[in-house]
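The first chain written gets the first letter, and so on, giving A, B and C; residue counts start at 1 in each chain.
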Amino acid sequence: MPSWVYIFDLIGTGVFALTGAIGARRYRMDPFGILVLAAVTAVGGGSIRDALMGATPVFWMLDINYLIVILITVLLSFPLLSRPAHLPKSTLLIADACGLALFTVIGTEKALVMGFSGMVAVIMGLVTGVGGGIIRDLLCRQVPLILRTEIYATASILGGICFSIGYISPLNDTLVLFIAMCGSLGLRLAAIRWQLSLPVFGLSSKR
Amino acid sequence: MPSWVYIFDLIGTGVFALTGAIGARRYRMDPFGILVLAAVTAVGGGSIRDALMGATPVFWMLDINYLIVILITVLLSFPLLSRPAHLPKSTLLIADACGLALFTVIGTEKALVMGFSGMVAVIMGLVTGVGGGIIRDLLCRQVPLILRTEIYATASILGGICFSIGYISPLNDTLVLFIAMCGSLGLRLAAIRWQLSLPVFGLSSKR
Amino acid sequence: MPSWVYIFDLIGTGVFALTGAIGARRYRMDPFGILVLAAVTAVGGGSIRDALMGATPVFWMLDINYLIVILITVLLSFPLLSRPAHLPKSTLLIADACGLALFTVIGTEKALVMGFSGMVAVIMGLVTGVGGGIIRDLLCRQVPLILRTEIYATASILGGICFSIGYISPLNDTLVLFIAMCGSLGLRLAAIRWQLSLPVFGLSSKR
């Protein structure tokens, strides 16, 4: 499994870096500003996870590949960013959903391997999955995706629970990884496509 | 004293979780979104404190009771959240004041027990007391309470200083805990009730 | 070199504390609120750096001088804050530029001394330089400086790269420190003065 986890982690890093770069478009930032926002989005969640678990120095300081993936992603995204007309409206949402699902299972797996309980592991998956996106949205002054009514935190928590249960099952770990990731991604994409939401609570008149 | 500190810590966790759930009302969030915001508010300050002090993994990863308290609080708050008319306007402010006072003395105590100086301990109390609320307000796009003119940081600093002085005094530790907490809470509630504030600095024309 | 690094670090702490206090002016905060915002701005970046590197407890918890510098800076800034007319518009920007340059080289140096690679050290310099300012701007609900088009992250990255290259060169370390800092500061001040920017990407119609 380790190699799959690692490859998924790098893919998720690239995907989240892309969402950071796209988020930067609203602000007409220069290349280095875009790089910073992409990097914060890509490694923010995992960095918070590692700092909370005491797994320091955090992951990307020990393995240069994460930074290289971010750098390449940002370089490749520049042509995309300068032709806004060619960027479908939902690109950011779908890319974010992929990153959310990937990082959720990665984060859950890392916490379980370090010996934390299933409940803590689900939360570490959630932190890894939503942390970077929350920082991106705060910096870009957007309403964080996690505060919107569509299923978001729920998709991450589902992925984490699936992986935690599968981890103690006799199933092959790689299979569990795929199932948990697909479950989380599928739920989030379905929520985006059909605007699904759980029952909501709150003031009906506001927003 | 340990048992009192622990019980107070759990009560403060529930109180801050409630303020997070109430803060979520403006956004018509689903149950899991509310749970995330409640949890971030409840354990955010203590997590920052522990990460800064190097006390990792942070407290709630080692003791499942904090998460259980948050879960129960959020479940119990759902009926309250769906009947907005029954929620007095000042509920959030008063609950936040209680959490502020409780977490301030808890944070100060933990830093003193770990051997830090009184000045650092007061700051750790402040971080514990205001950290979660600041994250909640940032996510909910409210002006953080700490930026308002009413006495807020001051109440936390007062509680931390009282506890730090009492800690090296011959007084009973539990008594010191109560006095510091009541001092902090009393000052903050008085500030809310009579809109007390210290002399303020700044541009008089703005806001 | 150590003594120079230390003196520069304390100067940077005071300068960033001043920008935090100035940022607080818009909110008519009381003295303790200003103190909190000044402290967060001054030690926020370095605290994130130390938490990421696992250098905990973070620097200011082990050396009381940082807190004393912040306290004195805030006390001295009160007369300035209460006479807004005497505060030139660009004061905040220039003070922030000085803090950015100072903290960038300090952060880069600390990471290199701890044995991290040049690429990680440049990022640690960036985190140290921009971290506190980002927190200040988020709390004050300003568009973070790093999201504006003028050269900002670029100035920090330039300083970090200069220092990292100079660090492995035969040049005197103090000289390298000055050169890297002046390069970073000069670029940022030039960008403020002549509104320089790198080519920007993004939607031309927004903002």
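Note that a contact is a pair of C-beta atoms (placed from the backbone, for glycine too) under 8 Å apart; a residue touches a chain by one contact, two chains touch by 3 or more.
These numbers come from a predicted model, not from an experiment.
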What rotation angle takes the CA atoms of subunit A onto those of subunit C? Round to the nearest 5 degrees. 120
Call it same or different for subunit B and subunit C: same when shared residue numbers make up over half of all numbers used at their interface. different
Distance between subunit B and subunit C based on Cα centroids, please, to the nearest Å. 29
For subunit A, what residues touch not just one other chain but two or more? 51, 54, 56, 138
Enumerate the contact residues on subunit A facing subunit B in the complex. 51-54, 56, 116-117, 119-120, 123, 126, 130, 134, 138, 143-144, 146-149, 151-154, 157, 197-204, 206-207
Can you list the subunit C residues touching subunit B in their complex? 24-37, 39, 47, 51, 54, 56-58, 61, 64, 67, 78, 81-82, 84, 138-141
